[in-house]
Amino acid sequence: MTHLQVKNLSVNFGGLKALDDVSFSVAKNEVFSIVGPNGAGKSTIFNVISSFYKPSQGQIFFDAQDITATKPDEKAKLGITRTFQNIELFEHSSVLQNLLIGRSIHNRHPVYRQFIFDKTVRNSEIAHREAAEKVIDFLELAHYRDHLIANLPYGVRKKVELARALCAEPSLLLLDEPASGLNPEETEEVGHWIEDIRHDLGITVVMIEHDMSLVTEVSDRVLALSEGKVIAQGSAEEVQNNANVVSAYLGSA
Amino acid sequence: MRVIFKTSYLQDIRLAKHGGHVFWYTLLLVTAIAAPLLVDTYWLNEVSRFLIFALAGLGLMIVTGYTGQVSLGHAAFLAVGAYAHTYFISHEMPFVISLLLAAFTSGCVGLVVAVPASRMTGLYLAIASLAFAIIIEDMTIHWESVTGGNRGMPVPPPSLFGYEIYSAVEFYYIVLAGVFLSTILVLNLLRAPFGRAMLAIRDSEISASSLGISVARTKITAFFISACITGLAGGLMAHYVQYLSPEIFGILLSIQLLLMIVVGGLGTVHGAFFGAFLVGLLESLISISKDYLPGAIGNQPGLEPGLFGLILVLFIIFEPEGVYGRWLKLRNFFENFPFYRRNTFKRQKTYLRTDRLK
Amino acid sequence: MLEIAQLAIIGISQGCIYGLIAMGFVMIYKATEMVNFAQGDIMMVGTFVALTLTTMAGANFFIAFLCAILIMTVFGFLVDRVFIRKIIGQPQFSIVILTISLGFVFRSGAGMIWGQSPRTMETPFTGNFVLGSLVIGNERIAIVVGTILVSALLWTFFKYSRWGLAMQAASQNQLAAFYSAIPVKSVYSMVWGLAAAISCIAGVLLAPVTLVSTLNGFFGNQGLCRCCDWRFWVFARRFAGRVDYRFGRAFCGRLLA
């Protein structure tokens, strides 16, 4: 069953074609990876899906609903959350606070009730906390719960960003280079989490990644992008052996 | 060092996190209630003034300290609150209702600035609020039927349940009640999802919106709340100054409010109070030192804004977390002695933080 | 017809002044992504420096003008070195607060040095230019000519000089510029210096129209409001916008009256 479908997507920045007629679809509970050399337009796809960029052409469907023009915050409510390539955490808050902010879409209380902080608000706060604690357990962040983000090492920040996205309980998770800047052990760990996220939580994952070992390990299907165009699609092995992909990375002979 | 064993999630949610908090804040409240017994009328009036300024600072703190948007014209909301309240009670409206209505009016006026500015980045709000403050100042001068124009207007004494209040003690209790209730409400808000949403927007707008926070709506609501609180402070301030005239609410007052929250510590409720206290102290120091300074410096009308500006510059560069932040660092130093890590509070080395999406 | 032509010229010169002030703002914003709320006050300081040089030193106006521009370049350079450099990378609101408070410090400092009362500045731009029955103040013409000269100079500077190109590079991608061995920090200081120099020119050209006083900074902040639309980076387009606007205002004002 198709969960996310991208149809003939094009994005222009001035004269530059960042994306040129890109189409793909992601099935429910699949791990789908997007690879490509730097500047191929990978992050642009994510930025269009989360509505930070407007496409000049094409549509995006989520569960058969057209979400091309939906606002960024509405997308989270539909069940799409993401991480960023250069970590975008709330620097001056603790890990726990960050995770609770991840629960934003599950808050239904009007502001005046929050002022009074009555029993229902209190109870829902406890519920949010329980949900956040589950994610903390899941990603083994207990040790860092009360640390300020500004004091955390890089690897942990990446993990916190992932945890924050999970707190929203999405059905589709967009990961922008989850393993960039991590050492091989940490990268392997990321692989395990992605497996767990998919199997235990039933979340569909779309991932941009350079590390081919990680891509090969976790993804069902891979899409290769070069200069804004799709050059190959298929299993990790097929894509890696594709002549277009080889020439995009190594230059044509 | 205090180690707290947590046994329930409520412990993190409660306002007072541990026995120490309960003890000290109760003591503070008791002292505040007993203040009329401890000090004479002059000082009691000074305390009322401090509380009113702290309340105005709290209002600005919500928008600037928590939501990260600089308002350079918050004195305008003090003006709106003060004039609206005076107008309402001069027209026979009960005191409490008039005060609340004045706060609400101020909030609605705030929407006029916030709604258009919310579509743009924080800078535009800074510019818009500056322009807006000038417009309000003009209005207080020219809308004579309501504001009395340049002549100003007298403020009738507050009356509660048909009983007119003239004494400093009773006025002090009114102010204290107002400040106490507002502070509790703000603290509640800060531990609720909306408070977290404000912080999220301050630290990373794109991240906040990708997590389902409506950036525009949150900014507008925060500005509305901020204007309401500042308007409330304005209403109380009207009774403190007893005679309203346009020059009270100039740009200098806006800068003073900004100075308060920066000096006190951006992004903390404590900061608003610390800041109000320190800036009050600074004002008295300036007026005392004027007698001793050479005439060319001491008699300058620009002396106060210049000094305020200079202190702001120094704080922004050297102690952006304000006095409250410095206090936390000191406490951390002594609690962890001798294991204090110099880098615990070190500012991260960041280069350009770009708002332009790449 | 005559009146319309007269108003047109006043409108154009007014627009040019706003354009000059805005140029300083835009330059700093484009290069460093900071908005300089102190720009108007820097302009005011520049005017006072020029005033002091002409009255006190009794120097020739143009020599004094040139010296003032040089002094203001150093001034802007130092403002960046001493204050702005310290908070690069901090959130936007720190920069807003920093620059607006710097503006207050400059204003109050200028008041202490030069006094609060407005002064007149002796410039050679006095008298009127008479063409038939069309009478235009020379100071207006000086503004227009000055603006055109400055724009031309800047255009050449950005197009051909090493520093100009470095500034453009740094404004587009700081990191890439850094990797290409462009001294980004010095470039930023230079941008501030240049912006201060331009605002000094604007201030001196403005001096005969208004008077020289510490409140002139407000005029600069009006310029800031004018250039809220950052798209006017291309000089030609910016001027078209400004001039239209100014022209429209002076024009409508007169017609309605």
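Miscellaneous remarks
Going by the order they are written in, the chains are A, B and C; count residues from 1 in each one.
As a working rule, contacts are C-beta pairs under 8 Å (C-beta built on N, C-alpha and C of every residue); 3 or more make two chains touch, one makes a residue touch a chain.
Every value quoted in this text rests on a predicted model; they were computed, and no experiment measured them.
When the partners of chain A are compared with those of chain B, no chain appears in both lists. When each chain is reduced to the mean of its CA atoms, the one lying nearest the mean of all protein CA atoms is B.
The most distant chain from chain C is A, comparing centres defined as mean Cα coordinates.
Per-chain Cα centroids separate chain A from chain B by 39 Å. The distance from the centre of chain B to the centre of chain C, each centre being the mean of the chain's C-alpha atoms, comes to 34 Å. The mean-CA centres of chain A and chain C are about 46 angstrom from one another, to the nearest whole unit. Counting partner chains per residue, chain B shows two or more touched chains at residues 202, 348. Of all residues in chain A, none touches 2 or more other chains. Looking at the complex, you find that chain C touches chain B at residues 32-33, 35, 37, 83, 86-94, 96-98, 100-105, 107-109, 111-112, 116, 174-175, 214, 221, 224-225, 228.
Residues 47, 50, 52-53, 71-77, 81-82, 84, 88-93, 96-97, 100-105, 107, 109, 111, 114-117, 121-122, 125-126, 128-130, 150-151, 164-165, 168 of chain A touch chain B in their complex. Of all residues in chain B, those touching chain C in their complex are 64, 68-70, 72, 121-124, 126-127, 130-131, 202, 255, 258, 262, 296-297, 300-303, 305-310, 312-313, 316-317, 320, 347-356. Taken together, the chain B residues at the contact with chain A in this complex read 9-10, 12-13, 185, 188-189, 191-197, 199-200, 202-204, 206-215, 221, 225, 267, 344, 348, 357.
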